[in-house]
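Here it is, the structure, as structure tokens.
Note that the chains take the letters A, B, C, D and E in the order they are written out, and that residue 1 is the start of every chain.
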Amino acid sequence: MTTVVEERDRSLLTRVQHLLHAQATIGPAVVLLVSVVVFALLSERFLTPGNISLILQQVAVVGTLAVGQTIVILTAGIDLSCGAIMVLTSIVMAKVAAETGLPGFPALLLGFLVGTVCGLLNGMLVTRLKLPPFIVTLGTLNVFFALNLWYSGSATIRGTDMPSLLLWTGQTFTVGGTRITYGSIMLVVLVAAMAFVLKNTAWGRHVYSTGDDLEASRLSGIRTARVLLSVYATAGLVYALAAWTLIGRIASASPQAGQTDNLDSITAVVIGGTSLFGGRGAVVGSLIGALIVGVFRNGLALAGVDVLWQTMAVGVLIIVAVSLDQWIRKVKA
Amino acid sequence: MTTPVLQARGLVKRYGKVTALAGSDLELLPGEILAVIGDNGAGKSSLIKALAGAVVPDEGEIFVDGSPVSFSTPIDARRAGIETVHQSLAVSPSLDIAANLFLGRERRRKGVLGSVFRMLDRQGMREEARRQLDALGIMTIQNPGQAVETLSGGQRQAVAVARAAAFGSRVVIMDEPTAALGVRESRAVLDLILQVRDRGLPVILISHNMPHVFEVADRIHIQRLGRRKAVVDPKSVSMSDAVAIMTGAMEPPG
Amino acid sequence: GNGGSSGGGTLVGLVTKTDTNPFFVKMKEGAQQAASSAGVTVQSFAGKQDGDNQAQVDAIENLIASGAKGILITPSDSKAIVPSVDKARAAGLLVIALDTQLEPASAADATFATDNYKAGLLIGQWAKAKFAKDGKQAKIGLLDLNPNQVSVDVQRDQGFLEGFGVDVKDKTRIGDESDPRIVGHDVTNGDPSGGRTAMENLLQRDPGINLVYTINEPAAAGAYEALKAAGKEKDVVIVSVDGGCPGVENVKAGVIGATSQQYPLKMAQLGVEAVTQFAKDGSKPKDTDTGVTLITDQPAEGVESKDSAFGLQNCWG
Amino acid sequence: MTTVVEERDRSLLTRVQHLLHAQATIGPAVVLLVSVVVFALLSERFLTPGNISLILQQVAVVGTLAVGQTIVILTAGIDLSCGAIMVLTSIVMAKVAAETGLPGFPALLLGFLVGTVCGLLNGMLVTRLKLPPFIVTLGTLNVFFALNLWYSGSATIRGTDMPSLLLWTGQTFTVGGTRITYGSIMLVVLVAAMAFVLKNTAWGRHVYSTGDDLEASRLSGIRTARVLLSVYATAGLVYALAAWTLIGRIASASPQAGQTDNLDSITAVVIGGTSLFGGRGAVVGSLIGALIVGVFRNGLALAGVDVLWQTMAVGVLIIVAVSLDQWIRKVKA
Amino acid sequence: MTTPVLQARGLVKRYGKVTALAGSDLELLPGEILAVIGDNGAGKSSLIKALAGAVVPDEGEIFVDGSPVSFSTPIDARRAGIETVHQSLAVSPSLDIAANLFLGRERRRKGVLGSVFRMLDRQGMREEARRQLDALGIMTIQNPGQAVETLSGGQRQAVAVARAAAFGSRVVIMDEPTAALGVRESRAVLDLILQVRDRGLPVILISHNMPHVFEVADRIHIQRLGRRKAVVDPKSVSMSDAVAIMTGAMEPPG
């Protein structure tokens, strides 16, 4: 008798598995949903519009970094230098504007340029020297961080010394009584745009294909080196956007920021279901991944859980979320 | 004498201490099927990789319709109308069949969606893929939107062959296209090769399968130790003589 | 899993730089003790490492969302945190800076802190007097925190040099001095292993070093191991800042010549009490210097100090 | 004329390349040699027996971690949790001994057990859940770190409260006037033993083969899951040895230690010429890699270079050393 | 009736929605060469993977010399004396030839070096490898200490075949051993198969090459849609009939 019941259970489970498999980002989405429900039950403060907006603000920086990190990981790369690029960029934007009185728009553009150039440097090292991205970015992480400390003189630049455009991402507008920052909106728009590009343009296909099988892509007539270069450069540009969000969020530019953001952004990407082996994944998943971590940290905090156990919970979360995703993917179409 | 569509002269390619090509020549005449045979490691794949722009030879020249060219990437060769099915297939498993067929030459939508937003014409490409697969009549893939990784080895091979046949405008090169295929699938590929030739496109076919080679080839290029040892006519040379030349057991006639 | 002692409805947030440094861990304990006697709840947050400003920003926001009445914070980046503090105050929370001032200090409702500059100054003055008495020429090695020049690091380092009578030039920068008595600077990450490596390297640069400033007592303990390994522990004076129990033990054992003792427990207690009071009647506290005491068993003329017995009674962990 | 000279130059370079290729660890060894020579020229204090012994001591902890990291990377894995395991282990050894008065030897054994169990947990997650090692150890990193903080209460345990055996690794003996710590010797012995095992036992071959091609190894009749488990467990044990060395070095057990040691040990391994893709490399290379970083830090410090630029130098070093190694390997045998 | 050396009954293997084996049987008689033919995706590799312990079938039974066995790992099958050359080769590129031959069954040195220090007998294994390669006479590998990654595809194939031939004590299974090989190399492998059979070991050979199959096989197992469709005698059935059965164009006789 038991076997029969087990059999039926298994087939139900299998059916759920199949259902979830149909849509790639549904695994992370389920995890997000479940955690939201659980935390809403634990604390009545959790599911208020204000708190939701807060979580969006809190994940804005890591979420933006995760967008850049996602396209790098899609090409079977990894970017340990993303946090360092972001901080360097934020310092350059803010310091140049504060010291030379450069207006906001050119300062922003300068920052975008710096981010892109840093990314391009990573890309050049990956494509020209043919080094594994892990090693390249482990190296440039140190280089960019040192440049940041050197250029900033380790001094924080205050928001009050900057043109207001640099702080725009931290400004809020009110929707139905809830304040939302432009930085959060920028993240959502960025994710949508990147998802569109990845899905609907030739470049997007080439990114997936390059990550899937580099040599096959090259033989198929894709300029893989150019694709990789453009991916790292775009990622650098996205990190510069993250820098802008960061400045808005803390209303200043701090050379101390972002030191753990590389692992945090990778965490968001892998929880979001993108494969570290390249070629499989989606940028929407990474946003969801960042939200999951944000929901956990915020929800545990509201529930009064000590930060120690929050750390542990994030560790367990990574393993559980990725295992679940793996399990869902195991079904062949 | 007719100008060869594709010609190679004195190609040399070294990998470290290994010399894969030691001054190899090749001539492909208009409308013919040229088979390339040779032992493992004779340099067949290296030769066609050079012709396909996948590797840059250390020495030697390549001519297309009599004019010298230099291919530094597979794209250059493709632009010259040369399509290749590589021994390692070169398909992208996570993409679907239509995406693989159009990989590197995607079509964009008409209007601003295409020109400004650079949107792909997915629907159009799927339909075109469907048409190509049907026209080639090699198999029954139900859905061009299926990911290549869900296909069997034989079906993948068919996708790669279909791509080359569909887009080749001057030369189609196939490196052991039937090696992993079953009897029926091999048959289909051979028919496809004949069909491509009948459309007027010359084909270079690399194969270890002598019956296949002798069935379809117009001329047979015998590669040995990185060089062209001989070119023979399958109608005047026996299979065992060809093999003997290939393995060095016999000197080529003339 | 409640991060604080259970208590009444009043929630007090404590945001520290890290939760690894014993200094902040003790602060947390102090806050929780005070909370249980005052009948309030403390919830604590920390950055992942020194300088982790974002985690502190998140923490402040979460505390606002949790309906906390007040926040006690040791800022990781005393400038960059200010806008978030403004937000909290605008939401009606009392914000008290613990241990480290905000920049500007007026950004917080009050500051309960030790003057880190003074802490450095005291050990500098003590060292100066000691070297004058012994008639020795000092050769100084400085073991700082990290390359980032965070404010505590700068204040302690520059305070020490000032106290020792070195022209520090820019008071906000470590390492721009040109005094020939200074052998060099190196960084320790404030832990013993970094302290040891840094000391070893400085000793290689000049084996004649006889005065070592350290950012904190764990770094001092590491530096001592390096000196011991080089057989120089008797000839070199180590000074430090913190006043933790292991550090004061080390003063007693002669490992550390003098240390400036600070009082994290007191800061936290006062902070929790102030927020409790604020929650009751809305009264705001004043800035309080929780004091710094020079602990040494070799008192020097003209520099006020207490002995290690006093230090052990007042040490924090 | 110029072409002829260039030709000859190139062939000379090629010959050097071939020569270097003959022995795998020779690339890193050359980098080490060159940096030693350069720093010896920069400072006469550098090449003294005392300073050399010092560098050995300074790299002892990271070098020991790198031994464990090497075998993990040889199986195409990566271990981000190594530093966390080491610290947790050191705290357990020291705290149990200090609080319960457990003698040194059982305390040490307990530590070895804890390290091994942590490694085993990583191995179980990798083999049972079939998760990428990067993700597993990113998760357990947080878990072990939280356990460490919880168990230690963030308090440092002083050496004077511990049995002397735990501090033995920091003890010195004198050879020809130079003091050498037992910890340094332990590292050298460990490297020699691991090199022997990897080269001369069936297990060693299976480690390489598993990293080279997991499925092929399984089909060849290797119990790959068991090999992976044993590798992670052994790595955990090696991290416990590193914990012992750490305690000896700082004469205390500090819960703050080791937070950057995961990337530092990976840096040593990759500079030492082991491939992140598994199957290729040697543990001797990792020791050399650790020494290269140690020599750089020490040499730059002696030369009075600011820490900022030391950071940058390490970044550049990673890229240069690995490129050089790659270049040497390009020659086919 | 003789007891089959190796027998499978009703093997079923599903991958998600795909059913690779739908109740397949197989019988291998002592001392015979049994060829297995079938279309791409007919389940040939899945069948022999189950026999080799590489996959665990969802249903069905396997018998060795008439007694039921259950293989959960390749090691179990190996212990039962079944050696397999997989389609994907299963060699370790970075190890040398001798190491690959002895992979998973390394020999240790004599004395304490072996028992306590667990040292490998490298020299002994190299010599033995040399002897095996020579005895099989399939090729001229100069140095068994050479890394497999430096070998050509044909040479790698030879290493895999040599391993199975050298260690198989009850059954040798080969999944498309000649697919990537040149004419001469294929010949050598076929000779090797005959030689193994002559030593008394039965062989299962999977191949798409009908001339090869008809040349060496004693019986031909025709796999179709995950099932055994027929077993035919190559001496009484023509090549084209076998192919017709395989593709479903004809019903098997009887």
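To be clear about the criterion, contacts are C-beta pairs under 8 Å (C-beta built on N, C-alpha and C of every residue); 3 or more make two chains touch, one makes a residue touch a chain.
Only a predicted model underlies this, so the values are computations on that prediction, with no experimental measurement involved.
Asker: Would you kindly say which chain has the C-alpha centre located farthest from the C-alpha centre of chain A?
Answerer: Of all the other chains, the one whose centre lies farthest from chain A is E.
Asker: Which chain pair is joined by more contacting C-beta pairs, A-B or A-C?
Answerer: Higher C-beta contact count between the two pairs: A-C.
Asker: Centre to centre, using CA atoms, which chain is the farthest one from chain B?
Answerer: C
Asker: Round to the nearest whole Å and give the separation of the Cα centres of chain A and chain C.
Answerer: 34
Asker: When the centre of a chain is set as the mean of its C-alpha atoms, what distance in Å lies between chain A and chain B?
Answerer: Whole-Å distance between the two chain centres: 42.
Asker: Counting only Cα atoms for the centres, state how far chain C is from chain D in Å.
Answerer: Their C-alpha centroids are separated by 33 Å.
Asker: Nearest whole angstrom, what separates the Cα centre of chain B from the Cα centre of chain C?
Answerer: 72
Asker: Which residues of chain B are in contact with two or more other chains?
Answerer: Where chain B is concerned, no single residue meets two or more other chains.
Asker: Any chance you could list the residues of chain D touching two or more other chains?
Answerer: 149, 308, 311, 332-333
Asker: Return the residues of chain C touching two or more other chains; collapse runs of consecutive numbers into ranges.
Answerer: 19, 49, 147
Asker: In the complex, go through chain C and note every residue touching chain A.
Answerer: These residues of chain C touch chain A: 1-4, 19, 41, 43-46, 48-54, 57-59, 61-62, 65-67, 76-77, 79-84, 147-150, 172-173.
Asker: So in the complex, the part of chain A that touches chain B is made up of which residues?
Answerer: 196, 200-203, 205-206, 208-209, 212-213, 215-223, 279-280, 332-333
Asker: Could you pull out which chain A residues touch chain D in their complex?
Answerer: Residues 80, 125, 129-132, 134-136, 138-143, 145-147, 149-150, 263, 266-267, 270, 276-277, 308-309, 311-312, 314-319, 322-323, 326 of chain A touch chain D in their complex.
Asker: Note which residues of chain D are touching chain C in the complex, please.
Answerer: Checking each residue of chain D against chain C gives 45-46, 50-51, 54, 57-58, 61, 149, 153-156, 158, 160, 170, 172, 179, 181, 246, 249-252, 254-260, 297-298, 301-302, 304, 306-308, 311.
Asker: Along chain E, where are the residues that touch chain B in the complex?
Answerer: Chain E residues touching chain B: 37-42, 152-155, 176, 179-186, 208-211, 243, 246-247.
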